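Next up: the structures, one after another.
Consider the two complexes below, in which subunit A is the common component and subunit B and subunit C are the respective partners.
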Partner chain A sequence: MTSPRALGRPRGLPGPSGLRPLTALSVLVAFLLLAASLFGQTLLPHWDAQDITAGARMPGGGHLLGTDELGRDIAQMVIAGARSTLTGAALVALGSMVIGNVLGLLAGYLGGWTDVLVRRWADLLLAVPALLVTLVVAGIGGGGWALAVCALIVLTSPSDIRLVRTAALEQRHLPYVEAAETLGLPGRTVMLRHIWPNTLPVVFANTLLNFAGAVVSLSSLSFLGLGVPPGAPDWGRMLSENRNLLWTNPSAALAPAVLIVLSAVVLNLLGDRVLEAFSKRGKS
Partner chain B sequence: MSASETGGALSRRRLLSLSAAGAGVLAASGLLGACAPQAADQGDSGKGAAQGADVPLGELTFALPSSISSLDVGRESGVLNYLVATLVQESLLSVTPAGDLKPGLATSWKQPDATTYVFTLRRGVVFSDGTPFTAADVVASIEEIRDPENASVLAYAFAGVKSVEATGSHEVTVRLKAADGAFLWSVAPGCLPIGGEKFLRANRGKIGTEKTLLLGTGAYRITEFAADSHVLLESNPRWWGEKPAAGKLKLSFVPDAGTRLVAMKSGEVDGALALASDETEGWGSAAEVGYTADRSVVSLAFDTSKAPWNDPHVRRAVACAADREGMVEGILQGKAEIANALVSPAMWGDLMPADEVRAAYAEIPEYAFDLDKARAELKKSKHADGFTAELHYPASGPQVGKAALALADSLKKLGITLKVKEITLEAWVNELGSGKQPLQFLWYFPVTGDPAELADAYLNAAATATNIAHYDEPAVNKALDGAKTDTDPASRGRKLMTAVTTAAGDLPYLPLWWAQTATALSRDIVLQEPGPFAFVGPWATRIRKAA
Partner chain C sequence: MTTTTAATTTSTTAPEPLLAVDGLSVAVASGARALVVDGVSLTVAPGECVGVVGESGSGKSLTMRAVAGLLPEGLDVTKGTVRLGGEEVLGLAPRARAALRGRRIALLMQDPFAMLHPQLTCGRQIADGLRGQGGRGRAVRAARRAEVERRLAEVGLEPSVADRYPHELSGGMLQRVATAAALAGDPDLLIADEPTTALDTATQAAVLDLLGRLRRERAMGLVLITHDLRVAFSACDRVHVLYAGTVVEHGPSHALRTAPRHPYTAALLASEPSARERRPRLTAVPGSVPAPGERGPGCPFADRCAFTAPACRTTPVALVPLAPATAGGAGTPAPRASASATDPGTSAPDPGLSGPHAADAGGRATACLRAAGLGPLDPPAGEAAADGAAGTGPETDDAALVVSDVGRRFGSAAGDRQVLADVSLTVPAGEVTALVGRSGSGKTTLARIAIGLETFDSGTVRTGPVDLPPGRRPSTADRRRLAGHAQIVFQDPYASLSPLRTVGATLREALDAARRGGRGDGAETVESLLAKVGLPERYAARRPAALSGGERQRVAVARALAARPRLLICDEAVAALDVSVQAQLLNLLDELRRDQGFAVLFITHDLAVVRQIADHVAVLHDGRIVETGPAARVLDAPGHPETRRLLAAVPAPR
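Up next is the complex of A and B:
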C-alpha cells in the first residue's frame, strides 16, 4: 500500500500533511491575522465607538479585553488595528522585494559597472541603521504612515538586492543560461524567464522575514508617534497610548504587544520553514 | 503687564506655557510658588515653620519628569528649572502656598505714588559664597534682566519699568512708566531671581551651566549640575531662614514614567514631582500621592477672525459637543476641574474672595454636553452642513490628544470632520500665534498669581502677540485697560472679573479643564502646606519627616 505522503506531492516540497505542528499553528495564526487585516474594520464598523464617561475599564461587561481611556473596546481595536500594522509591513516587504529583484537581477546578470553601482548603493544603505534613519526621515517629514512605509521600503531593500544578486550570479554561469544566450535570446528574456524564476524560492522566504521585521519596525514608529495618526487603530500606537493603563486595564497595552510579538514570531517561523523546504528541494 | 508691552515677541508666560506642555509637566504644580521662609530679622515671624523641623532627613532624592539644560530661568529651558532655581535664588517678595505675596528679601515696601515702589531690604543676608546682600544686587539683577543684550526671557516682566535705583544700602526704588496693579508679581519668584552683582557681571551668558552654577541667598546651594542627569544641592549654612530638614537634595531627571515608578518602588528616590495626573495609577502602593490645582488651564482657542470660527453659532456648537465632564472623568480620572473660564479660581488671590469668584463664575453661560443643542446651533450657522478642521496637539500632552479625539468623535456626529494631528512640542510652539491654525489648543501654566496674566494676554485686543483668538470686544478691552492701572485690589478684581466672564460668554476660547498636578512622596516624609503655589519657592524647606 502506498503511503499518502508519497502521493501527489512534488519531491522536496512541504505538503499539508507534512506540516510540523508548530508550522501548522503558524499558518493558522497567519491566516487569522490576514483575515483580521482584510476584514477586521469591515466586520467591526464600530471599533472606534467611544464611551468617554466610562473611561478605562477592566475586561467584562461585554468588553472582552476591557476599554481604554476613551471607552473604546480594546478587542475590537486590536482586530481593526491589524490592517495598518500588517498592511504596512506587507507593503514594506513587497516593495523591498520589487526593488531587490530589479536591482539584484540587473547587477547579477549584467555585472560590470551596473554591478559595482548597485553593490555600492546596497552597501551604503546597509551601513546606516534603518530604524534610526526612518525615525529621522519620518520626524523631518512630519511623520505619517505612508512616509514611514516608504522609508522602510528603501532601507529594507539592500538585503533583497544582495540576495537576488547572489542568486543571479550563481545562475548566470550555469549551462542553461549559456544555452539560452547561445540561442540568441535577448538579455531581458534570459533574466526574467530563466534566471529570475530560479531565485524566487529564496526571495519568497526572505520576503516573509522582511515582513516580520517590518511589523516590528512599523509598530516601533507608531509607538513613537511617527506612524499612523492619532485615533487610527494600530498596535504600536495602542501600545504607546495605553502604557499608562497597565494598572487600570493591563490588556489595553498587553494585547497589542502580544500581537506584535506573535506576528513577528509566526512570520519568522514561516519564513524559516519556507527557506528550509526550498533548501531541501534544491539539495534533492 | 500686558502682552502688548512685550513688543510682540513671545512672552515669558507663553513660553512657559509651551515648555510646560512640553515637559508634560509644568504642571509641576505651581512650580513657582514659594512659601515665604521665616524671617531672620524683621518681617515674618517664623511661626509657620513646621514641627519636626529639627529632625534631620539627610539626603533626599526626587525624580523630575524631564531634564534641564540650563538652571538659569532667564534662559528658559522649560519650567522645571524653577524647581531648582527657587531653592537657590530668592526674590524681593515670596509667595505662600496659597498664593499670597509675602516679604522675601524685601521686608516691607511702600508706594508713595501710583508709579513708584520703594522696597526695604532684609539686613544680615549673605549669598551662599559669603558676599553680603545689598541693594546693588537687586538693581543689578533687574538691570541684567532688562538689558536687551542679555536677551533674558524675563524681560517682559520689567518692560513697564522706567528706572531702578539703590536709594540706600538696603533700599531699592522702582519707578514705572505707568501704574501697574500687578507689578508686585514681577518682583516675586518666577520673574525676579536675585543674584550677586559681581557674579552676574562676571558670568554673563554662562550662568546656569554645568561650570557656572547659580549663586543666590536661598535655602540651598547647588554643588553639581549634570544636564540630562541630575542636580545636587546642599543646604546653605548662610541662609537667613530656618535650617531645612533635608541637608542634601538630589534631583534626578527621569523622563520615562515607568522608570520613575520603578525608582519609587525600589526606594531609589524619595519622591517624584510634577507627575501627570493620569500617571499616578499604581503609585499608591509605593508612595503617598497628593494632587493640587496647578492653576493651569487647557482650552481650545478659536480664531474669531476666520471662518468658520468667526461664527458664534459654530463656536457654541463645538462647546455643546465637547464632553468636558467625560474628559475630566474618563481621561484625567477626575484629577482636574471642568473649566468655564480661562482663569482658574486659584488665580484670584487677594483680588477677590474665593466665594465671590465662584459666584461670578456661576453666572457664566453654561455649555453642557448636549449633541442636540450642538446640532441646533450648527444649523443656525453659515456652516450647517458641517466643515473640516484640523487640531494639533503637542506629543508631550497625550491627555490633550485624547481630549481632541473625544471632541472629534462628537463633532463627527454633527458633520464636522476634525482631523487630529500629533506634532512635536517645538512645532506646536511655532504654530501658536502664527495664525496658521485657526483652531488650537491653549495649554497655559501661569507664572504669577494674578488673573491679568491670562486675561490681559489672551483677551485684550491690544495684546496682538498673544491674543491668538483675535478676540476684540470693546467692553472687555476697556475693563482690562482699566485694570492695568487700577491699584485698588477690589476694584481691579471687579474689572478683571468683568472681562473674564464677559469673554467666557462670547467663547473666543473654550476652556476644557483646570488641571491638577500630582506629587508622590515616600511615606517617610511629608510636604507641608501643599497648595496651588506650593512649588513657587523653596519647597524643599517644607519637607518634613512624617509623623
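Up next is the complex of A and C:
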C-alpha cells in the first residue's frame, strides 16, 4: 500500500543537506560566545582595571571599544560579562527543561489526577505576568543574580511542561507504546525507555529557544538593577549603567546591547534549525 | 472494452488520445540521479479507465504526479513527453500547468480525511472548483448553491451535505465529496490515486462503482492507481503493471488476468488470496522491489523471478508488443514499445505468440525476455485446499479467549455510542478465528479489550487464565500474566516499532520481559527470533527506518512471539502491506501457528484473507455478532445479510 507518507521523497534518497551559510555562521558565533563565557574572565584578569583619568573615551588608544565612566575597557568588560549573562540563561533553560520533562512526562503518561494537577499548575504560572512577578520576588528577596535565575526557571517551566506533556500524549497511544505495555513492562520502563526518548527532539529545540529568551530576560532584570550587583560585569547591567554615555562613547552601551540581541538571534536560529532537521527526519 | 490506439505522431487517421505519456522518466534531482520512473508510456482515451498497478516503490504514483505537474521537491522529469489532448504539457510554464489542474486534469487522493479542508463546509469546497460560478449577489449565490446540490446528487449524496463539515461525515461519504470537488471543474481526465485504499471493502465497491459511472456519463478519462489487482481488474478497461519504475506488462484487464505474459504479473496474481477458494499456500514473491539506483542492467525483476535465465540479468529489457490477433483484431496495432533501449533481437513480435492465446493479445505488450519461450503463464491455481478443519467445536475450558455478553459504550460530546453490545466470542486454542466487519463495527475495540488496552462496561472477558475486570484497566500483575498468554500485532507497520531503538534492542526487551515474567523459552535469543520470522541476523543492528513495511511487521510478530503466547491477536496486521508481502506474512503466520500451536484472533475486513487462513469466522455488525461458524460454511453459505454484503464487496473481475 502506498501510505500517505510514502508520497514524499522516496525512502533512502538524500535530501538537501550540509550546513547553510547562515547556520554555519550561527554555530561559529555560538562557539565564540561559549568560549567567552568559559574563559573570558580567566584570559582577561584585568578586565575591571580602572583609570579615572581616561574615563568615557571614544574607541582608540589601546581601547578597542573605548572606556566607560570609570575608565574600564569596554571590549574586555563585554567579554568578561558573557559569563553571568550566558551561564544564567543556560541555567534557566536547563532548569526549566528538567522541571518540564519530569512534570510533563508524568502528566502525559499517567493522565487522570496527575494530569489535571500539573495542567492547573502550568496554567496558573502562565496566567501571571512573568516579569512583574520576578520584579516583586526580586524586590522582596533583595534581588541578586541567583534569585533572578530561580524566578525565571519557575516562570519559564510551564511552556516546557505543556510541550513535553503534548509530546508524551502523542506517543502514548502509538502502537509501539501499547506493544511495550502488552509485553508486561512496568509503567516506569514504558515511560522512560519508550516515550521519553521520542519527545527529546522538541525538548531540545525548545531549550535553545528558552535560552535565547532567558538572555533577554536576565539582561532586563540586570538593567532594572535586580540582577547582578553593581560593579559586576554583565551585559544588562552595562547597558543600564552606560546609557548616559550614549553621546560620549556610544559603544559602551551599544556593545552589550548588540551582544544581547546577537546571542538571542543566533540561538533562535539554531533552535529553529534543529527543530526543522528533526521534523524532516521524522517524515522520511 | 475500449482499445486505445497508441497514436504515433505522424499518424493522421488515429484520433489523438486524451492523454499520451511517452517514455517518461523521473530522476532524483541531486546526487547519483537515480531513476525513480524509467521510460513509462501509456495512453488514455476519453471515457476509458486505465489501471496503473504496482507495489510500493514501483513509481506508479510518481508517474501520475509527473503528469499532473505535482512531483515532490527533489525529483525531476528527465525524459519523455506528456501530451494532453494533443498538447505537450511538460514544457509549459508553472502557471500554465497550474491552470490545467482542475480544468483538464483533476486528482483524487487516497485519504479523504486529509484531502478536504477541515474548516470549510463540503459545499464550499465543491463551489470553489466550479467554473464561472464566482461572484456575489443573491441570484449568483442561489445558482451556485443549486449547482453544488446538483454535483452532490451526481455522486449520490443529499443536498444537506453541502452544509456539513468533513468531520461530520464517514470515510465513504467524504470520498464522494472529494470526488465531487475534484470533478467540479469538469476535467477531461481524473487521476485517482488509491482512492479506495483507506476505505473498507463495502465502501470501496461503492466508490469504484461511482467512479466507473461518472467516467462513462462524462466520457472522462480515468487513471486508477492502485496496489490492488482485484480493484484494477474489476474497474479498468486496460491495466499497466509497473515494477521498479518501468511498465513490465500492459493489456486489456481480462487478458492480463487470465493469461499473464510477465512473471511479475503472474506472481502478483498468485499471491492474491481469493474469497472463493483456499489455496494450500499463497505463492509469495520472495524479496522486495529494488531501490532506485540499485537496479542492474538487466530485468529489474530478475532477482525475484522464478523463471530467471542468465541473459535476464544482463540484457536490458523493453516492452515488446505481442502479436495482435489476426482475426477481428485488425486496426488495433500494438502500442509502441518504450522508445528507449529497444534491442532488435528482442523487440520483434514473436510469431510463437499467435498461438491459442492470440485472441487475448490485442494491444498487449510485455517486457519479459523469455515471454516467447514461457508462453502464457498460469493464472493462479484453481485447486482448492481443504478448508480449515471445522474444529471440534469451541470448548470453553481450553479456549484461548472467552468473551461473553460484553458491552462497551463510548461517550462523546455528540452523544454516547454503543460500540459493542452483548458480544460473545470464543477463540478455541490452537485455531484461527477471524473477526470480520466493516470499519466502525467494533472489531478493533473488541481486540483491544481482549488484551487489556481498552476497558469494557459489562460482561466477562477471560483471556487464557486471566479474568479481566470490567470498568478499569487491568492491574500491573494482571498485565504481566496477560503478557505471557496473549500478544498483539498492530496494523500500522510504521508506528509499531519504537523509531529510536534498534530491532535487536526491541526484541531483547521483549525477551527480558518474558524471562522476568517466568515465561518464554530460556534458549530463545534475538537471533533465533529473527530466524523464526525469516529475517537475517544482521537486522538486529538496524533501526525501523531502514526496514520495509513487511520487514517491520515481521519484527512486530517476532516481538509478540518472544513470550511464547497462546493467543496472537492480529489487528488488520496485513492490511497495510503490498499483496506479495501480504502473502509472505500470511504464510509465515500459518507456519508459525502450526509450529508453535498458538491460537490466532485475526481481525480483518477482507474476506479473501479470511478464506485463506481462518478456521472460524465471527461477523461483527454495528457492535453485535451477527453470524459465527466455520469459515468455509460462512463464506460458502452466508446466513446474514451483512455477511453477504461483505462478500459481495470483494472486488470481482468483470
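Convention: the second predicted complex is superposed on the first by the 267 of 284 C-alpha atoms of A that agree within 3 Å, B and C clash if a C-alpha of one lies under 4 Å from a C-alpha of the other, contacts with A are read in each partner's own complex, and residues count from 1 in each chain.
Keep this in mind: contacts are C-beta pairs under 8 Å (C-beta built on N, C-alpha and C of every residue); 3 or more make two chains touch, one makes a residue touch a chain.
Values in this document were obtained by computation on a predicted structure and should not be read as measured data.
S.K.: Pick one for A:H194: touches subunit B only (first), subunit C only (second), both, or neither.
M.R.: second
S.K.: Look at A:E241 in the shared chain and tell me whether it touches subunit B only, subunit C only, both, or neither; answer first, second, both or neither.
M.R.: Once the two structures are laid over each other on A, A:E241 reaches subunit B alone.
S.K.: Scan A:P186 for contacts with subunit B and subunit C and give back first, second, both or neither.
M.R.: Once the two structures are laid over each other on A, A:P186 reaches subunit C alone.
S.K.: In the three-chain superposition, say which chain, subunit B or subunit C, touches more residues of subunit A.
M.R.: Of subunit B and subunit C, C contacts more residues of subunit A.
S.K.: One more residue to check, A:L70. First (subunit B), second (subunit C), both or neither?
M.R.: A:L70: touches subunit B, not subunit C.
S.K.: Per the contact definition in the header, classify A:L174: touching subunit B only (first), subunit C only (second), both, or neither.
M.R.: After superposing on A, A:L174 lies in contact with subunit C but is clear of subunit B.
S.K.: Kindly classify A:G112 by the partners it touches after superposition: subunit B alone (first), subunit C alone (second), both, or neither?
M.R.: Touch status of A:G112: no partner.
S.K.: If we overlay the two complexes on their shared chain A, which of subunit B and subunit C does A:P21 touch? Say first, second, both or neither.
M.R.: After superposing on A, A:P21 lies clear of both subunit B and subunit C.
S.K.: Return first, second, both or neither, reflecting whether A:G62 touches subunit B, subunit C, both chains, or no partner chain.
M.R.: Neither partner.
S.K.: Which residues of subunit A touch subunit B once you look at their complex with the stated criterion?
M.R.: Answer in residue numbers: 48, 50, 52-56, 69-71, 139, 142-143, 225, 229-231, 241, 243-248.
S.K.: For the complex, which residues does subunit C have touching subunit A?
M.R.: Counting only subunit C, the residues touching subunit A are 28, 30-31, 34, 36, 56-57, 60-62, 65, 72-75, 110-111, 114, 193-194, 197, 227, 291-292, 451-453, 476, 479-484, 486-488, 490-492, 494-500, 509-510, 513-514, 517, 545, 549, 556, 559-560, 562-563, 575-578.
S.K.: Please give the residue numbers of subunit B that touch subunit A in the complex, ascending.
M.R.: Going by the criterion above, the answer is residues 257-258, 278-279, 281-282, 323, 325-327, 329-331, 333, 393, 395, 398, 401-402, 404-406, 408-409, 419-424.
S.K.: Looking at the complex, which residues from subunit A come into contact with subunit C?
M.R.: Residues of subunit A touching subunit C: 1-16, 174-187, 193-194, 197-198, 282, 284.
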